[in-house]
């Protein structure tokens, strides 16, 4: 059993992470550290986790207890990550950061970008992983396989729809039920915080064309649907594009590419680490749909997947795809 | 045209009030005062009010501008009400307070309890009205006509379901979309703030039996359904109880008592000042359903209804029941 | 007072139309004809219309009663429209068809395309109007002003998000609450029924580039947000595009183009005939947002607007923009 | 491995049952029989079950394949149950019926009432179980422990709030998203189909007082909250009632009685076989809250629990309470 520690316990991704770790057969939760909720039980903080009676420890607890080979998840914001990561790594821990502190190459400081479908081997050898977030993962799973099309791509437009947990649990007027219900809220109209990260990985995959990212909040709890529109410079056959995805994800247990009449559905990926993709085409434009759970493959599920890879465990351990629920 | 002023502009009831006043044919909005939003336009504070470009004035503006005969709505909390009401009344204004500051008899200081279906005549003669809130209005419309049953009542149980705007626009974890969706949240299990007010008016109507009030938040924006269960001491015929309601509400344009197969529906009262009632019975227990819009008849609509009565206007002015929407 | 008749009463657009007509000061509802609900009261068919006690007449009633100069709304499907329109026109009635029977030019048989912001003058002279639907109106309000850019446009992509009433009131598994909640449902991946209509009007406006239409159902009752992405052949300044919209909609009371920090919101247009637009830009791609109520400006509201124009009434009569609600 | 068969695959409870059986370590799904969907894959019928590729067999398949000792779940309606149960029992199968065909004592024909917390021993010895449904289970878990209070009870009122999956997947206007959203829909005002079953079990537990059952549909997918109000003949201490529940559920892994400040929450029981209870009191009335997932402990989860008991397996097998999700 590997001891795991979680820094940060107030957000939805942290709660989902602790839910997954609590039933993972190869790890034991040693510490949940929370600056704002020290002394509180997780089951009191999150009514949805009635069986998790872990008591939050105060700031500093993880750094004190961590031992070489332990895994530490940084589930707070980027400032928390920058504050804790160096010392934890120095102490010999494996660190998985769920914030965006180390995701851009020029700020990575040795962290591997934690998208297993792209960087599995590097993750396996690393002790420091920058775990990509929900919008980015939903977008990149659809964008990266297009890299082999290279300069046949004129423009990529990503129109993403996210459930409200993606906006965090810190109370704001914009995420109140009475504001979100019966609305679809576009934002980031002058550039979203995560656009550079999407562009970075698109470039790394070989796409030089403009990549536009357009996020929306929709009235649901969990899930992201990203509609990715590829405007080509010259005609591309849909079947050829679909074949790129089938090849790219051939040995990736968490990504399904639909080739029959089925389309991605958020309830199909809810509370799983799965992603569903589909390739369509109309009037020459390639349209790729990408669906995942923003707290699952878009955050905590992917973090556990990365941990499994880092520990040399089967990638699906504790994330069994069959448990998809409805 | 009567000049009206609103103190407090940050809550849902204030926004609904301003929406109603903006189209009322006999009044003109002279001032909207807001301590927290001075200088901001209503349309910026509330995306749902795109046509209301009124700019909020700072604290003190109403007191400075008010003239005898004007109407002032106090749409902030009870502390705001206590702070402003005396001086405004002294200045000759008519004051309608939407908070609960003056609703209990021992704190009323001359305010008339603003439930028109019960106290219409007193309201017409008063310049100071304590406007009852959503839970209380939904409950009392169902409870008060039972007063004539007197000691034939053993117990009254009110199980109320409220939309989330009833909990205000001040951001809290409990009213975030991701917490409210897919839940029904019971609260006030050790006594709710408004139980004494319900009991006060039940007693005044002639009911000495225990009155239990049990509120819940349900995942919708607007609307309250109160299920009122009357446990009688001895059998009472359903038709006799129904007749009480028909008689009580005979000349009340905003209250409908269904006697056919229809049942109350929240979309039927949404964005109106209407209430719908129905009387059922099973195994001797009388079951009264009461539905209204918590921001309409449960707050702002009722405040305008009270204003109309105080000004000697037709009670439905600016609240036309036909505008019920769907 | 002009007598108006409605053929078809079982859908959401019909209900909204009857709600609007019931309070319109210049018309009186003479007949509501319904093949499936003859003899039923509207208030029994639609709990959300408690004050509409009109009884539905059987098939044939309108044709029997209609008199020259009356207005008939065809609120059923395209087959109903094809069946009724010729005889009603022959009887001297003005006909407004809410179906898509006569919207394509090669099937129009004399009908004017009922988008007032584009064809106001022709509508005023016509007695037969094909009223465009929700997706089409939301899309075209954003697309048509781009026509003056001509061949500077490489591609137009429309990613539209619609509330569930857009899918009708005929019960289907896909529109059950338990299927729609917590999902975003993409469809029309091989071409949507209304794409040809959007393309027809885009071409008529001067746009020869491919126009891709991608609809989604989102978990809300009413409202459409269309995100329109214009990929240009060469750089275009955002301000120039915004200026096109300001000019195009200068004298159109129901269309607002936001130029400050505000963005379109569905609750802002809910139960109104209003539309809200905004022009953004990122990495050279022009991004136009268009929001309206699918039952308002996307169906019944627009039908009333067309009626007003046909009757020579002020365009806003019975559709007062100030009544926007929240 | 025990072979299990499911008759009926079109409803939400059937889908949930198949999801649970598919990951149960001691059983293998031999047959899913569906009269309406023969030949279809479950993953095509239910987008939320993307990993369940089982193909539905036509009517008669189970009867043909079943062998002594197999378990058959009847997941259709009561007519399906009456049609199949006798022959399956005669063939030596264990039968668990999710319909209400055999739940009333005078129609039970040997079936044991499948509420394990009440009839565990009889279930263990039986090969025929009538599995109670959602409203009934939520109500009875709160009502049955009160039996020891006997004639100290004057009246019991159950006000229940159910998610929409409780109304089935057969499309009806009343369960469309656009009808359910923003409403709370009371029904059964003249007596609900399941009231006799609740009364039967209340009587069997020793309660002779009237038991009123009042169901509502609320706008959420899954979950039931039952508010049970006990009006006593003479004062009863809350702590004494709470102690009844603690004792009654002491060795029942799926029922939690909160004694601290926590209250039941539907997300806490979502997709689990758990139930949460709490005992409150106001003005002499005892108020018991009972929350469960209508498809879990209220249908499919309970059916699996019964199967475990019948097969002599640990009661939690395949239903691990730790997997509660959020």
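Read from first to last, the chains carry the letters A, B, C and D; within each, the first residue is number 1.
Methods note: a contact is a pair of C-beta atoms (placed from the backbone, for glycine too) under 8 Å apart; a residue touches a chain by one contact, two chains touch by 3 or more.
Here the structure is a predicted model, which is why all the values come from computation and not from measurement.
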| item | value |
| --- | --- |
| Result of counting contacting C-beta pairs for A-C and C-D, higher pair | A-C |
| Per Cα centroids, the chain farthest from subunit B | A |
| Centroid spacing, where centroids are CA-atom means, of subunit A and subunit C in whole angstrom | 39 |
| Centre-of-Cα separation between subunit D and subunit C, whole angstrom | 45 |
| Touching two or more other chains - residues of subunit C | 47, 163, 181-182, 219-222, 265, 267, 270 |
| In the complex, subunit A residues that touch subunit B | 12, 47, 163-165, 169, 171-173, 175-182, 219-221 |
| Residue ranges of subunit B touching subunit C (in the complex, touch as defined) | 15-16, 19, 22-23, 43-44, 46-51, 182, 256, 261-263, 265, 267-271, 274, 276, 320-326 |
| Residues on subunit A engaged by subunit C in the complex (per definition of touch) | 154-155, 157, 159, 161, 163, 181-187, 189-191, 195, 210-214, 216, 218-223, 225, 227, 229, 231, 263-267, 270, 278, 280, 282-285, 287, 289 |
